[in-house]
Structure formats: structure tokens, C-alpha cells
Amino acid sequence: MSGNSFGKLFTVTTFGESHGLALGCIVDGCPPGLALTEEDIQADLDRRKPGQSRFTTQRREADQVKILSGVFEGKTTGTPIGLLIENTDQRSKDYSNIKDQFRPAHADYSYMQKYGVRDYRGGGRSSARETAMRVAAGAIAKKYLKEFFGVEVRGYLSQLGPIAIESVDWDEIANNPFFCPDASKVPAMEEYMKALGKEGNSIGAKITVVASDVAPGLGEPVFDRLDADIAHALMSINAVKGVEIGAGFDCVAQKGTEHRDEILPEGFASNNAGGVLGGISTGQDIVAHIALKPTSSLRIPGRSLDVHGNEVEVVTTGRHDPCVGIRATPIAEAMLALVLMDHTLRQRGQNGGVQHSIPVIPKGH
Amino acid sequence: MSGNSFGKLFTVTTFGESHGLALGCIVDGCPPGLALTEEDIQADLDRRKPGQSRFTTQRREADQVKILSGVFEGKTTGTPIGLLIENTDQRSKDYSNIKDQFRPAHADYSYMQKYGVRDYRGGGRSSARETAMRVAAGAIAKKYLKEFFGVEVRGYLSQLGPIAIESVDWDEIANNPFFCPDASKVPAMEEYMKALGKEGNSIGAKITVVASDVAPGLGEPVFDRLDADIAHALMSINAVKGVEIGAGFDCVAQKGTEHRDEILPEGFASNNAGGVLGGISTGQDIVAHIALKPTSSLRIPGRSLDVHGNEVEVVTTGRHDPCVGIRATPIAEAMLALVLMDHTLRQRGQNGGVQHSIPVIPKGH
Amino acid sequence: MSGNSFGKLFTVTTFGESHGLALGCIVDGCPPGLALTEEDIQADLDRRKPGQSRFTTQRREADQVKILSGVFEGKTTGTPIGLLIENTDQRSKDYSNIKDQFRPAHADYSYMQKYGVRDYRGGGRSSARETAMRVAAGAIAKKYLKEFFGVEVRGYLSQLGPIAIESVDWDEIANNPFFCPDASKVPAMEEYMKALGKEGNSIGAKITVVASDVAPGLGEPVFDRLDADIAHALMSINAVKGVEIGAGFDCVAQKGTEHRDEILPEGFASNNAGGVLGGISTGQDIVAHIALKPTSSLRIPGRSLDVHGNEVEVVTTGRHDPCVGIRATPIAEAMLALVLMDHTLRQRGQNGGVQHSIPVIPKGH
Amino acid sequence: MSGNSFGKLFTVTTFGESHGLALGCIVDGCPPGLALTEEDIQADLDRRKPGQSRFTTQRREADQVKILSGVFEGKTTGTPIGLLIENTDQRSKDYSNIKDQFRPAHADYSYMQKYGVRDYRGGGRSSARETAMRVAAGAIAKKYLKEFFGVEVRGYLSQLGPIAIESVDWDEIANNPFFCPDASKVPAMEEYMKALGKEGNSIGAKITVVASDVAPGLGEPVFDRLDADIAHALMSINAVKGVEIGAGFDCVAQKGTEHRDEILPEGFASNNAGGVLGGISTGQDIVAHIALKPTSSLRIPGRSLDVHGNEVEVVTTGRHDPCVGIRATPIAEAMLALVLMDHTLRQRGQNGGVQHSIPVIPKGH
């Protein structure tokens, strides 16, 4: 209810500020029997970790996760899994000069209006650092989905500022620091980021996430539609300003004959639906796209006010990502995995054990 | 939990199938003291009602709402408000021929996979008819927001297929059957819809909703961000495939200096944020855009399968909207109002009565 | 969140005032495939209905339930079930004289402090009439539990004022107007109630509810224990002031050797636990007892204040139950059934489909 | 949803096994502005801590709590408060012999049926050790209630086996190891416990908790009544088998004239209601009683089965409380405080800012 929990049957609750003692979360509702080690979680955390290339923030956090509960003799027990990451590389002095400023496009002003107080060090709770625990929890969901239901959740950078990818090679994504699936675009991205760095500016990005081999029938009608919950999950990631399912905004100019995914004996003829019809999965790939705004922490001065209403010039000199989208792929994957894990458990609960024998349509495109 | 409820402190739960006896909902959490009559709700229902122009479905439902509880001597009492609309113009025979078909881009197949059974008459629960109760509940939220908090929630059609509006005149919206705020585009829209009707095809649309004079400080950080809840609410509307807040997908190609809304003594210099920073309202206009897919009920035959796996040619001859986007404006307004009403109450609960004196920034652009 | 919903996967939300147009509820989360007619629900409503003997209120409500949605061709579809009961025998003038009074032991004062306003006719929302919808929803849960899981939920009056039962004959319960399972006590109860009627007074009662053949393993540890949710459910019934599971308050004076239910090859040797250990069902009978206070609507004058703070003498002359406990058995059964239905679905969701082969202990005592 | 969270606006989620690395919890929804240190929480933890007298378990846990987030410059910020207690005195070898046994009256069997697996060391998640985090979270609620709303939550042991207290002296409670408010009974309790220790047996107890100066108007009608939520909260404590509000089971034999709390200009004439009418607080003291069963870990052998279905003789030789009730007073206080804190915030949310001027009745008795 206070906004720090996600999911109904597979529930993640997080805590922690950017420059506090630690970040942590509780994963409540993971079924028993999943083999789980800290390494399983660490792998995804390392994909998100800052300081891995010159194109991301130079803050160097070990981001070493500890499992505090819920796992016994190497397997989950069904009881809540407590996860903890201690903060090690806070440089709080970096932030003292902006303590009273409302940095443009940051949460400073809105937090102050909500709470009347805020931990200004590194953005406190509004820092992207909070997403580490989403990735940790998502890693558990991804592993469960993969091992028990055969579902794979993957993502990639589909556009960096003006540079859009033209093809998707899943094997390429891990070969470059951008999560870019199109090797031909990587040099242009590198050039672009270097120029941006010199300029002291930042840039937006677009990320695509895909879940394959999802069972048909997941999602609730009306309000808790699968696509609505995905939209909720993805829009809750810092800096996200737009979410599309399948054809997304392209469908505004599509005609019905163009948009509708016809069904052939060999499967669906297209996937404009993005794997969801009437809020419920069809078994096709779940496909979602998100738009991430450019980082607002810039060396280029910006005009603003301080907490007393005085005009100030804001210059941010801390360590920041020039493109938050670059590290966002594992976060988006994690959120999609959390939604799918939750709805898979919900569907098992909701149907009360009823069996039916509706033939399954091959996923086709 | 089963997907038919929305909101945490201001909670709406709906029921009803397209061709059942009635649609209804319970609005739980409306504070006491709001003057409320059936006419207050009916006004918005009439804006959504089918059969009002040649461009919408010719099904003619009276959509007459009854208040069954929660109002005493003309005012809400704080107890749950039961609302009921009886269905009057069902022609169930229209649908018998498609009883066993999986109509492309409809929820037929996904519902069958979820439930093993469905009320096929008029789409049953997956019918857009379900949105009538959203509009009814939203009308209560809109009235409360307006009278107690001075918030106004309004919307318009911003694009119909290839025709995008170029200006917004709030007074124009009620003058045409499209909710179009740009009078100069109305003739083109009429022509477009006529041609589409002859063709037997359908078209997508884009809707924009705006909430003005929202208090700063609404929304929870992390998962229940105001924008995340708005995305959830709007994506839960039938046919919606994309949601944007503020600059939305435009921010992918924006630089930080371009996107950040600077703050001047006279107010925010721009509103790329769409009124939300860090998931919390800033007091600027909340602005959201949604993409609606073209109706999938077409006279033009489409290929599909039936429940037995046989190939079928699907032709839909019932009464349907050629552009579901046309009637969607009141629905989108209703959903935005529900989110704002809920977060307004949550904020009052969460802050525990704490007062602070952070100066309010004028909303500017 | 606003208190009118119960259950997480099997969720019941009710509305309606004693003297409003109608009472209703939405049952959200009933799995598809349950054969369901209005008669199935009516049977339990008739057991609760007032005016059936001289020992209950003479208000005569038909309490005829209508199913408005969620059932198609005689079976549930998985979509929300809307239920409606129209009020027919309101005599609102009975209540005008107490409009401004705070009747002792009624909710008049606490409602006014909460809401600042109340529908004073017949107690409005705080009327025991609200429990009709609990019984209606509970009838669906009872039927599902019985047909799909073999669980039987039954109850009886275990004490009426000073008269405690000494034996339980399940077949006797329907033979008397008290739900008394001990035929030898019925004459004394009749005498007692007649004397009480002459006196113009009321009396408390104790009800016992039992669920048999419940699967072991239901309930969540820590906060949502099965017994905690049962306590919540039963204490939420009007007039209930105490809840016991199994040995209940007797365990205060029990030693460990006396209380612990030893386990023998032929089953549990006793059932002090009431079928729940560590918050989770053991497969033994779930046994709960509740204490119901005497009705507060009395002909015998009581001292109180009015809304202006003036002293008043309160005399209640409407039609009231001299012992609310008498009609409470079906209500308690309904609430127990709702808890068990919810936890059965939750358990199916939570375990994610994991199978295990722990041997089942016979239920024994 | 998975049972490890409590509260809707003030939400506590706990994790941790008896013999795992640590126990922890997240308190989500604490409003900003509360001065809070680890010492504030430690004080209540020390009251609950084992090993403080010869009458409780000799396990010696430091139970030193750390605040990991949500507090900045000595005050809460409104963001989630992460709390952690590391386990230090686990002797896991004590438990290896009972690894495969279903100890009578323990959660061994029900956990195995639910999860198919369990952390058997020290009871794992079902250990009373889990209550440490309830006390920690409750300490925050108690402090907030006291400082912002003037509410005091206190408790005492009202019966130890056959020894019932006869008077309540709040100042006496801290002077003896039993939380006994009646000094005259302490010697008898000491004698009783010594004899019990020699016998190797255990005993039940009764605890009373009282909240004073609670605002009238807290609680939701129908399902989330204040008393129903209190029953849920208290019944969720390990070993509790019964909950009473006010007169509790005594009301079974009370007449209406006896039970109803008349209202005089100087206040309520009695408090049979225990401070709640119609599920909503009246401003009188909230009074609740709970029954705790005797500990089931005994040196005296008990008959049972093991996981393979074989007969076993169970003897428990670890360190255990002979009367779990003795240390339960701070836990019961914590749970009552959590309910009141939650409903106080809910009421502020629900009423939407509406003011009314109903005169407040003095609390009287």
C-alpha cells in the first residue's frame, strides 16, 4: 500500500537509500523447491552493475547480494527470502551542495512536497540504485519461470537517442556494453556516447523486453490484465515515460485488417497483439517496449529554485550515467519476470484446479 | 485479486457481461459528504453511450444507472455505493454463429485457455460494454476531485488513424461526435469514417487525458508511482496498446538539456515530465496519451480456427464501433480520475497528518 | 481497503443499507465450472431469514436473491458473480424517533464519529441485515468446497444464555428454530426465550462451527495463518465479542502434556488444536467457537445522550431479535467457508504446482 | 498475500528463520517526522528477549536491532524502514534428532504438508523467534501512536495456568519477570513455575492488552472492523488459541440490560464493548484478552509419527520456554499497536479530509 511492494502472490518489497547502510528486499511467495544460490542472483546484478564500461556511472559498487532466509540446504522453502546488499562506495559529500536545491527533472521537489523531508544524498530513495533489488528479486522469478514453466525473459536496447537497431541477434547482446542486439550499430553508439560525454549532456533510449513460451491463459480480465500489470511494472522503473505492448503506438494508424493477428493451423500469422488479447496471454511472445528519458544529472547548468524559493543554477558533478537506458535492460527483464511469475501463480490459484482441454495454437510469429 | 477491482483506498469492483441481466459496480471508499445524484453519473455515461452518432455502434442501450446504496438524503455516507445498469438491448442471436470461433484479435482464445469456458454472447465479460461501469465510478471520482480538491480531469481525441489534431480548444470537444478539440480536423474525420464504413474496416486512435490543478506530492515512490498507476489504469482499458506520460516516446531522442523542465520563479518552463517526477506529482498538469487498436469485429473475412482446431473464416456482422477510440475519451478520463482520487486519499493516509511548509512552484507550462 | 471486501483470491465485496433499495455483493474469484443456481444460494438465505419463528425479529423479508452475472448456461464462468437482494419490508418510520440518539451498545455513536453522518434507518450499514450477503456469498463457497474438495462446513448453537448443550446430533439441528444440536435442551430454550420476551430483554449466545475433511497444508505462516483469518472472519460478524480455535480459553489452564494432541498410527489422539498448527491446517476438523453479545435494541429504557450531548432515555420499539445468536449459525458457517475457499485457492497458487509425498495422518479425533 | 505482511497503510513484512543468518523486517508506511533511534526499538526487544529470568528459555540472543534505511538525521523520512537482527546463539545440533519427527502440537506436520520441505532447525520459520520482528515493528507504531496521537498501548499477564490476577497495578508489571500487574500473585507464580520445571511440563496463560486514549471513529465497518483486525492480529501470534474483546465470552450469559454500556454525561457507564461498537472505536479503552496454549516442547515423552509414517517417541531437550505466555505481553502490545497505527492512517485517508463536529463522549469506565 505504501508503494514499496510489487506483486500479489509473488510479492517483492524493497527498502534502502542510495547512501544508506544497505539495500534489501523480501521476496514473499516464492514456492518451495527452487534450487537457489547467491550466484544465481549475482549474475543478473552484475549485468546491471555500474562502473563496467566508460559509458556508465563510475560509482563502483560491489553489489554483493546475501541471502538471509528462505533457502535451506540449497533450495527455497516457501518462506520469505530476505536479500541484502550493503552499500560500500557512497561519497556523500558530493551531494551536500545540492542539499537545498530542486534539481530540474529530479524527484527533489516532488519528494519534498510529499514528505516535507528527504534524504538528499545521491537521490536517497529515488536513486536508480533502488533498482538493484528489483534485479535481484527478478533473478529469482526468472529462474523459477525458466526451470518450472520453461519461460524465457530477455531484453535489449532497441534505440539509443537517434540510433535505432535494425535487427535482433540475441547472441550479440552480451558482446557490447549497450545490450545492443545489432552489432552493426555498436560503433555508432560508441561514437555517440563519446561526443555526448564531451558535451556533458545525456540522452534517452528505448528498451524492448520479450518473454517466450509463456502459457496461454495468464492474466485477469478487466483491471489486472496482464498487459496492464506489465505497463504498471515497466512504468515504475525510474526514468520510464512510455510503455507499449506489441504494435503499441503504431496501432493508431493501423486498420483492423492490418492489425488483427490472423490464426492459421501453423500458428498466429503476426504478433501485433504482443502476446496479449483481452488482457490474457495467448502463448505468443510477450513483447513490450519502453521509453527512458535522458538522465537529468548534467554538468551543463540548469535553472531552478531552492527550498526557500530562491533562483539557483544547478550543476551536477557527481558520477552519473549519461544514458540511464544503457543499464536498464536487466531491470526491465526483472520487472517483466515479476509480473509473469505473479500471474502464473495467480492463475494456478484462480482456476481452483479445473482442467480443460482447449487445443493450444502454435505461437507462430 | 481476481482482477475486477481497482484502487486501494477508493476501490471500484465491477461485474457484468455484455448480454447478461445487468452491469454493476461497488465504489468502496468514497468519503462521506459528497452531494451525489444519479444525474451526476448519467451525464458521463451519456457521453460514452453507443448509438449517438453514425460513427459508433448502433446498439442502443439506455445505460440508465441506479444508485442502490451509500447515498442518504442526497449525500454520500462513506459506505459502499452500489451502482446498477440493466441491459436492455441485447441481441444474443447475432453471436450464435461465432460461438465456437476464435475471432482474430479478440479475447475468445485467451479466455478459453484461461477459463475453459466463456459467455460468448457479445464478448461476455471482455466486451467494451464493461467500461460503462468504469465511467460511472469515474464520474463519482471526478465530482469528488472537482468539488473537494479543485482538480479537473478532461480528455480528447488527439489522433484518428492518419489524422492528427494540431490544436486544442477545450470548448470544441463537445461540438462533434469525435471528442476532437480541433474543429478544423472534424470534416476530414467524418470523411475518413464514412470511407472506412463502406470498406467494412476499422481504425486505431490516440486519446489524450489531462488533469489540472493536482496537488504536488501525490503518488508513492518505487512501485506505486503515480505514473505507474496511471499506466496500469489506462492500459487496462479495452484495446489500449500503449501509454505515454508527458513527452512519452519522444524522450528516446531527447537530450537531457532538452527534456529537463527547468524551474523559474514564474513556474516550470516546460512539461516534458507530464506532471510527475520520481513517481510523484509536481503540480503541473498530468498529461497522458494512449494508443487504441482498431476494432477487430470486421465484415471483411479473416482467417482463424475454431475450438476444435478447424480452420474457419470469421465475418462479424453484429453492431460494432469502427473506431473504439471515438468513445474512449470518457473512459480514459474516468480511469485517470480513479487513480488521482485513490492517490489523494492514500496521501492523506500516508502522511499521518504531518504538516510541512515547502513553497509551491507555480505550474507554468 | 475500505472494509467492505473479504478474501484475497476468493473475494467478496458487499454493499447495502438496512432500509435502502437493495443489498448486493460481488463474488470475485469463483473458479469456472461450478454448477450454480439461485436456489443453491436461497437455501442458506432461508436458514438465516428473519420472521421464521416467534423467537426472531418479525420483519419479513423475502430475501430473494438474483444472480446478475458470472453464470452462463448453469455454470460459473470465472468472471465476477453479481448478487442482488431487493429490500421489501422496510418500515422506516419506526426509526425516526431515534434519529438523533446514540443508542447504547449500538454503532450510532462510533459511526457518527467516523463519518459525521449516518443512515439511521434500521441501523443503515451497521444492521445485521448486511449479513444476508455474507450468507449468499458463503453459500457459493460452501458449494464449491463440497463439490470440488469434499469439505463440509456446518455449525450449531452451543449455548443460549445459561443453557449449554451437552451433546451434538447433527441431524437434530434443522428440527428446531435454534440450530440446537441437543434435542433435550430445546424445551428449556423455548421457555427461556418466552420469559425473556415478556421481560423485554435480550440474551447472548455461543455458536460452534466445524469444517470437516479439510486438506492439510492450508494457511500461510506468520500473519495470514488460517486461524488468524478465521478469527478475523468470525469477529467481523455483528455482535461477536470472542473467538476460540479448538480448546480456546481452556488452554490457559492446560498443561503441555494435556494440550498436545499426540499422533498415533490411527490418527490424532485429540483435537485441542482445532485442526490448525502453526497457522496451517492439519486435516483434523477445524473447530471454532464464537461469543455473541445480547441484542442492544430493548424495550427496557436505557440512559444515553443524543447528537447534541443532551441526556435521553432510549427505548427501542422496532422489530428485533431478542437473541441475535439464534440466526447467526448460517452466518458463521458462511464466514468459515469463505476463509477456507480463499486459502484453498491461495495454497494452489502459492505452491506453484509443486508436488510432494508426505504421508497424510488420519484425522482421528 | 503470502502471509508475511501485516497492515494496509502501515505495513510490516518479516523474514527469517530461527537458525538462519538473520531476522528482518520492512516497515512500509511510517509517516515522516518521527524521531527514531535503534534504542527506541531495542527497549521493547529487551522486554521480550529470552534468557532474562529462570522462567524463560535459556537461549541467549543479543537481539540487537539495526536500522538500515528510512531514517535520516534521526527522523523517519516516509520511506521504508529496514530492520535487521543477526542470529548469534543458534545451536542447530540440538535439533538434528527431531529432523524427521512430527512433534505433537508443533507445526512440523502442517508445514511439511504445505511446503513438502522445512527448515527443521529450531522450528525454522514457525519459531517464536519470528515474533522479535513484530516487537521491533510494533515499537515504531507504539512510539508514533504515543507521540502524534497520544495513544498508549500496554499489556499484562492476567492468568498463569490456574493463577488469575485479582487487581491491576500498571506500575508493578516491570517489577517481576511475569509482566504480572498484581504483586500479591507473584510468589505463587514463582512457586508454580519451579514445580513445573521439575515436572518437565509446560502451562498456558492469558494476556490482556489495553490501548488508552484512542480516537473515536477508527475501524472500517463490515469486514475490516477494528475488533476483527485486532482478532486477526492477536490470533496470528504463535500459540494463541482465543481472542476476546471487552466482555468476550462472558457476554454469552449476559442479558442486554447487563451488557449494554449506558452513556452518561460524564461518560460511558461501563466497558463491556471493549472500546469498539459496530467495528469502530468509541474512545473508551480498547481491551482485548488472549489465551496462549502451553509450550509443546517437553522433556516428557510424547507419542507421534515420523515423516515416513513410523511411530516415534518425541522428547524435546533444547532450550524452551515452559510458558510461552510469559514473554508474550510485548508481542501482544506490538500487534495491537500495529492495528491501531494502520487504522489511524486508514481513517485519515478514508475521510478525505472531511471535518465534522460530533461531540466526544468522555471515556468513563
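When the chains are written out, they are named A, B, C and D in that same order, and each has its own residue count from 1.
What we mean here is this: contacts are C-beta pairs under 8 Å (C-beta built on N, C-alpha and C of every residue); 3 or more make two chains touch, one makes a residue touch a chain.
In this text the structure is predicted, and so the values were computed from the model without any measurement.
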| query | Where each step is a move between two chains that touch, what is the least number of such steps from subunit A to subunit C? | reply | 1
| said: For the interfaces B-D and A-D, which has the higher count of C-beta pairs in contact? | reply: A-D
| field | Most distant chain from subunit A by Cα centroid | value | C
| Counting in whole Å, what is the centre-to-centre distance of subunit A and subunit B, each centre being its mean C-alpha position? | 26
| message | For subunit A versus subunit D, what separation do you get between their C-alpha means, in angstrom? | response | 38
| message | Nearest whole angstrom, what separates the Cα centre of subunit B from the Cα centre of subunit D? | response | 45
| query | By residue number and range, which residues of subunit D touch two or more other chains? | reply | 1-5, 8-9, 14, 29, 32-33, 78-79, 114-117, 125, 221, 346-347, 350-351, 354
| Chain contact graph, described as a line, ring, star, complete graph or other shape | complete
| task | Flag every residue of subunit D that touches subunit B in the complex, lowest number first. | result | 1, 8-9, 29, 31-33, 78-79, 144, 148, 221, 344-354
| message | Give the list of subunit A residues in touch with subunit B in this complex. | response | 1-6, 8, 14, 102, 104-107, 109-117, 125-126, 130, 159, 161-162, 196, 201-206, 215-225, 227-236, 238, 241-265, 269, 272-274, 276-283, 291-296, 298, 300, 302-305, 307-309, 311, 346-347, 350-351, 354-361
| request: Spell out the part of subunit D that touches subunit A in their complex, as residue ranges. | output: 1-5, 7-11, 13-17, 20-24, 26, 28-29, 32-33, 66, 68-70, 72, 75, 77-82, 84, 114-119, 124-125
